[in-house]
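Dropping the structures in below, format is C-alpha cells.
Presented sequentially are two complexes of subunit A, the first with subunit B as partner and the second with subunit C.
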Partner chain A sequence: MSAYETQGFKLDNSGKRVVVDPVCRIEGHMRVEVNLDSNNVIRNAVSTGTMWRGLEVILKGRDPRDAWAFVERICGVCTGTHALTSVRAVEDALSIRIPDNANIIRNLMQLNLYIHDHLVHFYHLHALDWVDVVSALKADPKATSTLAQSISSWPLSSPGYFRDIQNRLKKFVESGQLGPFMNGYWGNPAYKLPPEANLMAVAHYLEALDFQKEIVKVHTIFGGKNPHPNWLVGGVPCAINLEGTGAVGAINMERLNLVKSIIDRCTEFVEQVYIPDLLAIGSFYKGWLYGGGISSQNLLSYGDIPNIANDYSTNSLLLPRGAIIDGKLDEIHPVDLRDPEQVQEFVAHSWYKYPDESKGLHPFDGVTEPNFVLGPNTKGSKTNIQELDEGAKYSWIKAPRWRGHAMEVGPLARMVMGYLQPKQFPEIHGLVEGALKKLDVPVGALFSTLGRTAARGLETAYCVKLQSEQFDKLMTNLKNGDLNTANIEKWEPATWPKEARGVGFTEAPRGALGHWVTIKETRIDNYQCVVPTTWNGGPRDHKGQIGAFEASLMDTPVAKADEPLEILRTLHSFDPCLACSTHVMSPDGQEMTSVKVR
Partner chain B sequence: MEKRILVLGIGNLLWADEGFGVRCVEALNAGWRFGANVTVMDGGTQGLYLLPYVQEADCLLVFDAVDYGDTPGDLREVVGDQVPRFMGAKKMSLHQTGFQEVLMAAELTGKLPAELVLIGVQPEELEDYGGSLRDVVKAQMAPALDLALAWLGRWGATASRRDDAAEAITDRALAMDVYEAGRPPADQACRLGDARFLNGEAA
Partner chain C sequence: MTETFYEVLRRQGITRRSFLKFCSLTATSLGLGSAAAPRIAHAMETKPRTPVLWLHGLECTCCSESFIRSAHPLTKDVVLSMLSLDYDDTLMAAAGHQAEAILDEVKKKYKGNYIVAVEGNPPLNEDGMFCIQGGRPFVEKLRETCADAKAIISWGACASYGCVQAAKPNPTRATPVHKVITGKPIINVPGCPPIAEVMTGVVTYMLTFDRIPELDRQGRPKMFYGQRIHDKCYRRGHFDAGQFAEAWDDEGSRKGYCLYKMGCKGPTTYNACSSMRWNGGVSWPVQSGHGCIGCSEDGFWDKGSFYDRVTDIKAFGVEANADTIGKAAAGTVGAAIAAHAAVTALARARQKAGDSEHVSENQGEK
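And now, the complex of A and B:
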C-alpha cells in the first residue's frame, strides 16, 4: 500500500484493484490496472506494455535502405508511418535530398493515412464506447430521420433508410451473432445517447465501413504493392507518365483523376457525416469531461507534412511542431530531436537495464538491454502476473520524457498547438473555435477524453483540406513538366560516409514518432524507435511521474466496477496502437468479461 | 462466370512461426502462375485494410499459424462456416481479433465470400522476435501449398508452374533467405521474447 502526490494527482493504491488485460500478439500488448476507492473512483492507475519489442536489435547489421521494410511490419496499424519515418531517418543520416514531387506524394499518402485511420478509429474502434448499439433497436426511424436532417444535408437520411438499417441490426442481434458489436457493455448507465442518435451512429458505422475501403486506394496508386506499400530512400518508388494508359505501370492521368475523386469524396464524407456526428455525440456527453490527464499541462508534437521539400523546420510543417509544459499555453517551446537534453528515455520502472537508472538516455545513445524482474509486491508469477508491483519495474515500454517532463502526444497536442497559433494555423484555429462554440464549452473542455476524440475529428477536417492543396501542387508540377520522383545520386553505399547518424520523424495518427539511426560501414549500427504509444502509455520514471495514460484515468468515477466502460473510453481516445482483445479480470483473477481494445 | 479468388497469407513474419501464412503466399507466388481471377496477397497483420479484397472475393483461402492445441507442425484444413467460428474461438488463431473482425465486417456488409478455406499450421515457436520458421513448420509449407492448389483447382482456377522469376510478393529484404541470413548474432539480438508473453495463455 502506498500513496504519494505527483503532477497534481494523488495516487493511492489501497482500494480494490481492477485489471484490464488485452491478449494479443500483433502490435504489442497493453494492460492497465487501477485501484478504485469505496465510491468507485479511480485513485491509482498502472499502464504497462507487456510485450518485448526488440526491433532495435533485429535491425542491427542490416542495410539501412531496407529498414523501412522491417519497420513496416512492427504493426498493422502504423505501417506506412513507420516506413516513412525510417526513410526520413536514413535520408537525414546520408544528407539525401528528395524531389518536390516525392515530398508531395509522401504528404498525400500520410494525409490519406490520417483520414483513414481517424475515420476508422472514430466509427469502428471508439464510437461504441459512446454509442449503445442495442439501444438503437428502440429508436423511431422517423425521429432518427428528423435528427439526421437537422444536423447535416447528407442524403442518406430518410425514415425508410433508418428502418432498413434497424432491421439489419435486428437480424444480427437475433442471430446471436453480434459480430463487431459483440463485446459491448450495452445498457451500461454511462451511455447517454437517446435511441435515435444511437441508430444514426450505427447507420454511419456501416457507411464508414464501406467508405473506408475507397480511401486506401490512394495508397495503392502511389505505393504500388498492397496492402504493404513500397517506399524508397531518396523519393517514392513510382514513376509518372501522364500520357500512359492502363492500371499498371507508371502513374497516369487516369489514376490521378481517381486520386482526385477519392479526395473529393473524403471531403464530403468528413464534412457531412463525421463532423456532424462528432458534434451531435459530443453534445450529449459534454457533462462528462473526465480523462484529461496531463493534457492541460504537457503536450508535445514533432510536426509533419513539410510544405517545402527537405525542409523539416517548424515553418515548413503544416502540422504544428512544439512543446507546451506546465500548462503555460502562451509559450510554445521549440523541439530539437538531436538535442541530447530534450528527448530522453528512462527505465527505472521498465524492464531494461541502464548503468545509472536515475538518468535518461537520448535515443542516439539508447540501450535496449532487457531486465525482466518483478517487484516484491507482485501477485502471481512471471508467466502469470495477477497484479503488478508499480513500485518496481513493471513495463516493457520505456518512459520517454521531454526535458524531464511526461508529455501527451497525438491529435489533441497537434490541434492545441495550432489553435494557440492562429496566425500560422488559421484553419486549425477556426476549426477548434467553431467546435467549442457549437458545443458551447470553454477551451478547458479540450483537455478531456471527449476533447481528444473531438481533436481527432477536427484534424481530419484539416487533413482533407491539406490533401486537396497538396494534390493541386502535384498537378501544377506535373503540368510544368516536372516528373521527377526520386533522387538516386546516393543510392550506392560507396557514396556514403564511413559513419553517419540521422533522425526521422513524423506525426503518426496517434502521435509523435521518431526513428534514430546510426550507420557504420554502410550497415545499421544502432536503431531506436520512440513511438507515440511509448509517450502516452509509458510507465513512471525515477521521480515517480506518471505518463499520459495513467494520468488520464485518475479521478474518473466508474459506474460499474466490473464493466470498466469509462476506462476503455478514455484509453481508446488515445487511439493506442494495439489492436487487441481485452479481458477484464476480477481481483481474484477470474475472467469476468472481455471487450475489444485498441 | 469465373470466380474471383483471393489467397491470403496472414501473420507477422518477424515472430518465427507467425510468419507461416506470409511465407506460404510468397512460395505460391514464386512457384506458380495463375489467371487474372486469382490474387495472391501478403496480408501481414493488416486488419480492416484487407476488407476490400475480402469483399471482392467469391472464394477466400487463408494461410495462417493457428493454435489448435495440436502437435507443432500439424496441418489442418478448415472449411466454410467453420472458418470465422474457428478464428473466433478462444486462442485459436493468433490474429483472431484482426482477421475475425474483417470477416465479420464482410458479413455485416453482405459481402462475405461464398467459399472460405483456412489452411493452418500448429506453430512450434512464436516468442522468437526476428526469428524465422522452425523446421517442423517450414516442412509443412509444401503440403500446405498442395492443399491450396487442390482448392484452387476445385474452384476452377488455372495454375501453371513458373519457369521464370516472379515479381516478389514481399520486399526482397524480407525474403526468407535474406531475412534469415541477415539476422544479427545472438549476442546482439535476443533470441527469445519475454516470459510474460505466456501470460495471455495462462490467464
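And now, the complex of A and C:
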C-alpha cells in the first residue's frame, strides 16, 4: 500500500514500522502497528483486535431470559452493562414493561458501574501514561502536601502522609522487585509532571485501589455480587420489604442506608480526589493536545439512564443521544437502531467473510463467518506475525459505520452532545464549561487525548449527582407505598408471540452499546451485539476509512521510537475493551484447523 | 513497599509473639516439629517475594476485577508486599516487547520458583489464533511460561472448566488449562468470577505455608469448595419448612423464602458464597433475591435454563463433599426432588426425636 488520504488524514506506511503487542492496561487483547516518519511522527496506524470468543452463536437456541447472564460475560470490567442491554432487548421484543422501582434500581447499578469503571480506568489503567512513578521519589513531601491542599480539602494530605508513601515506594524500588512497574517508561521525556504531582498521584493510585472495592457494593446489594451481578427480564431480582416479617431477607432500611452511604462516599471521592487530580494533571499537559482523531468530526451516542420507566426516547434519557457528523456541531441527528440504513457493519479488513464485502449489514441481518487470512505483505507466518498487512484483512473486529461514517463513541461523545444542548443538559454543560475555564483552554481542546480523559472524569462527576437523585426517587416511591420490582405477566414463554425481535441499548462506560435479538418459538434465533470498542477500535472499511483508534494516533510525535508511551496514552484514553469488541461468531464457521491438545 | 511477609503482618497489627506462635503452628502442621519454627520464622522475615506471572487468555477480566475487590488482605498489600506481580497485562506499566521481556527474565531468574496465574483459557481452533499475543497463539505463550513454574493457579471458570466461550458449541475450542498443561501442580479456583477473598486466600495460603492447598478430585481447594451453597444457605430453614418463593416479587420473595423453585442451583453448586458472601460480606446472590446460577460448576452454561428447577438432587447433608457426590451413582431425575423433600421431613422428624440431623444424608443417596 502506498500513501492515500481519508477523512482528512494522510496515511503513509513507508516509514519505520513500530509494533506494540500486547497493548497492556486494557481489557482483552490488542495490537497496534504504526509507521514513523524521519521526525518520529506517526504517519500510519493499524489497530488490531486479537481475540475472539463467539458468544452470539452460543446464544442461539437458548432461553432469552437467560441471555443476560451469557452476554454479561462478554466483559467483566464493564460488568452488568451487557446484561442490562440484553434484558432491555428481550423486553423490547416481548413488549414487557418494567416497574418504576426496577428502572431506578437498574439506573443506580448502571451509574454505579460508570463511577467504578471510570475511576479504576483513570487511576489504574491510564494514570501511568501521565504519571512517572519513579520521579515521585524525588518529591518533597512538604511541597506535595502544599500542592494537595491547594487543590482539594481531602483530609489525607499531610506532609507525614506523603512521606510515608514515599518511604514505602523507596523501599519497593530499592528491592529491585518492581512488580507491575517493571520495565515501565520511567524518565521518558513525554512525562511532564513535577515530582510532587507524581507523588500525589501515586498516593491516590493506592487510595483509589482501596476505595474502588467499596463502590461496587451497590451492585452486591441489588444484584448479589460484583463482578457479574444478577439481573432479571421484567424487572430486578431483589424484592423490597420495608417492615414486614422477613424484611431482613429483602431490600430493607439497613440495605438502603448502606446504598446511601456508598453513594455519599462516591460523591466525596470523586469531588475531592478524582476531579482535582484530573484538573491538576491536565494543567501540566494542556499543551499536549494530540490524539483527537475523528472526534472533532463524527460522534455517536445512544443515550442512557431513562428517567421515566419504559421510555427510551430523548425526553427521558439523562445521558444524551444523537449523532454529529462532519464536524457540524450545530446539528445533532436522531439515531434509530432499527433503521437498516443507519448502523451497519463492514468486514473488508476484518477476519470475516460477507457475500459482498463492499456492502455493510445491519445487525438484524448480520452475518459473521470467520475468515482468518493474512495479506501478501504480511511479515512472518500465520502463527508468528511480525508485521500485519493492513491492505488486507487484519483484525477480529468488524468496522461499524453510522450512515457510512466512522464514529467515535464514549464519554467524549456524550459530554460534547450534552455540552451542545445546555437547556436539556445544564449540568453537563456547566461541568464542561467549568473545566475549560479552569484549564484556560478553548472548546477545541476537548477533541484530544486529554479531552477524552477529561470528559470521562466530568461524566463521573455528573454520574455521582445522578446517583443521588435516582436514590431519592426510589425513596419517594417507597414512601408512596410502591414496592414493586418485577412484572411477571410475560414471564412464562407460553405468553410470548411465535416470533419477535427487539433492540436494547445502553451507554456502556466506553460508549454506545446495542444488542439486537430475534426470538422464534420461545428461543433465541439470532443475537447480535455492536459494542463501543467495535466502533472505536474497528479497522479500515471497504473505502479505506480508518477507525477512531487509528485516526487518534495519526500525526502524533513520539519522543522515543522504542518506547510507545504516547501511543499507549492515546489508546488508553478510549479505555479499550477488546473482549467486548471481538466476541461475534457465526454458526457456519466450524471448518477450522486446530492445534493438538498437549 | 518491599516489605517481607513478616513486616506486612506486623503492619497489620499482628504482634511478634503471635507471629512466632503462627510459625510454630505452621511447623507442626507441616509435620516438621517445633524445632523447625525458627527456620520458618527466619524465612518469612527475609525471603524475597515470590514472582507471579498472571496470563490472560480468552476471558472477560472478571477474575482480575474480583481479585482487586479483596478486603482482607487488601489488594495493594498482596500486589506490593506479599508477592511480586511481575507480569499482568491488565495492570502492568509496560507494553509490547518491554512487557514480553519480563516473562523471559523471570523464567530465567526464578526457574522453578515462580507461580503462573491464568485467567481465561486458550482456544485451540484456527491454530490457536483466536487469541493472538505478540503475533503468536496464546496457547504457546501459556506453555512456555508454565514450563518452569512452581505451580499454576487456574483462576475462574474459564481456566478451570472453559466457561462461557466453551459453552455449546464451543466455536473456538476454548480449552481449560489443565487439558493443555501437564506435569505441574494446577489449582482450579472456579467461579465466574471466584470470590475475591477466596482468590487472595488461595494465593496467601500458598505463600504462607509454601505448599498448595489440599485439593478435591476436580483440583479445587477443599477449604473453599468442599460444601454446597445449599448446605450453608441462610434460607435453608425455609427450604426445610417448605416455604418457597413461587414468582418474582411475590410474598415469598419479599419474605426471603427459599429460591429453589425459582431455579436456584445452590443444591448442586460447590462454592463458599453462602458462608463467605461477596464484596466484604455485604451480600451474595441468594440474599439479593436471585437463585444461584451455579457459576463455579463445570459446564454450568449447558445445564438448562437458570430458572429451571434442579431435578437431580441426590445427597444432602453438610458433610457430603464433591467426591462422595461424584462417586454416587446417577440418581433418578425428578423422583429425587420428592425423595429430597421426604428425606428432609424425615430428618426433621428424627431431629425432634433427638437423632442426628445427618441421618438425612444416606437416605438421600438411594
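Please note the rule applied: the second predicted complex is superposed on the first by the 560 of 598 C-alpha atoms of A that agree within 3 Å, B and C clash if a C-alpha of one lies under 4 Å from a C-alpha of the other, contacts with A are read in each partner's own complex, and residues count from 1 in each chain.
Note that a contact is a pair of C-beta atoms (placed from the backbone, for glycine too) under 8 Å apart; a residue touches a chain by one contact, two chains touch by 3 or more.
Keep in mind it's a predicted model, so treat the numbers as computed, not measured.
When the two structures are aligned on the shared chain, A:H515 is found in touch with neither subunit B nor subunit C.
Of the two partner chains placed by the overlay, subunit B and subunit C both lie in contact with A:H124.
In the superposed pair of complexes, A:W491 makes contact with subunit C only, with no contact to subunit B. Taking subunit A as the reference, the larger set of touched residues comes from C, when subunit B and subunit C are compared. After overlaying the two complexes on the shared chain, residue contacts for A:L206 are found with subunit B and with subunit C alike. Once the two complexes are overlaid on the shared chain, A:K171 sits against subunit C while remaining clear of subunit B.
Of the two partner chains placed around the shared chain by superposition, subunit B and subunit C are both touched by A:D66. In the superposition on the C-alpha atoms of chain A, the part of subunit A touched by subunit B in one complex and by subunit C in the other spans residues 21, 23-27, 29, 50-54, 57-58, 63, 66, 69-70, 73-77, 79, 120, 124, 172, 179-180, 206, 209-210, 212-213, 216, 225-228, 230, 370, 372, 382-385, 396, 579, 585, 589, 596. By the touch criterion given at the top, residues 19-29, 31, 50-55, 57-58, 63, 65-66, 69-70, 73-77, 79, 120, 124-125, 128, 133, 168-169, 171-172, 174-175, 177-185, 206, 209-210, 212-213, 216-217, 219-230, 232, 234-235, 237-241, 244-250, 258, 370, 372, 380, 382-386, 396, 483-486, 488, 491, 563-564, 568, 579, 585, 589-590, 592-598 of subunit A touch subunit C in their complex. By the touch criterion stated above, subunit C contacts subunit A in their complex at residues 1-3, 48-49, 51, 56, 58-66, 68-71, 74-76, 79-80, 84-86, 88-96, 98-102, 123-140, 163-165, 167-175, 179-180, 182, 192-193, 196, 235, 247-249, 253-257, 273, 278-280, 282-290, 293, 295, 301, 305-307. On subunit A, the positions that touch subunit B within their shared complex are 21, 23-27, 29, 50-54, 57-58, 60-63, 66, 69-70, 73-77, 79, 120, 124, 172, 179-180, 206, 209-210, 212-213, 216, 225-228, 230, 351, 370, 372, 382-385, 396, 579-581, 583, 585, 589, 591, 596. Interface residues of subunit B facing subunit A in the complex, by the touch rule stated above, are 12-15, 18, 41-53, 55, 91, 94-98, 101, 104-105, 107-109, 126, 129-130, 169-174, 182-184, 188-190, 193-200, 202-203.
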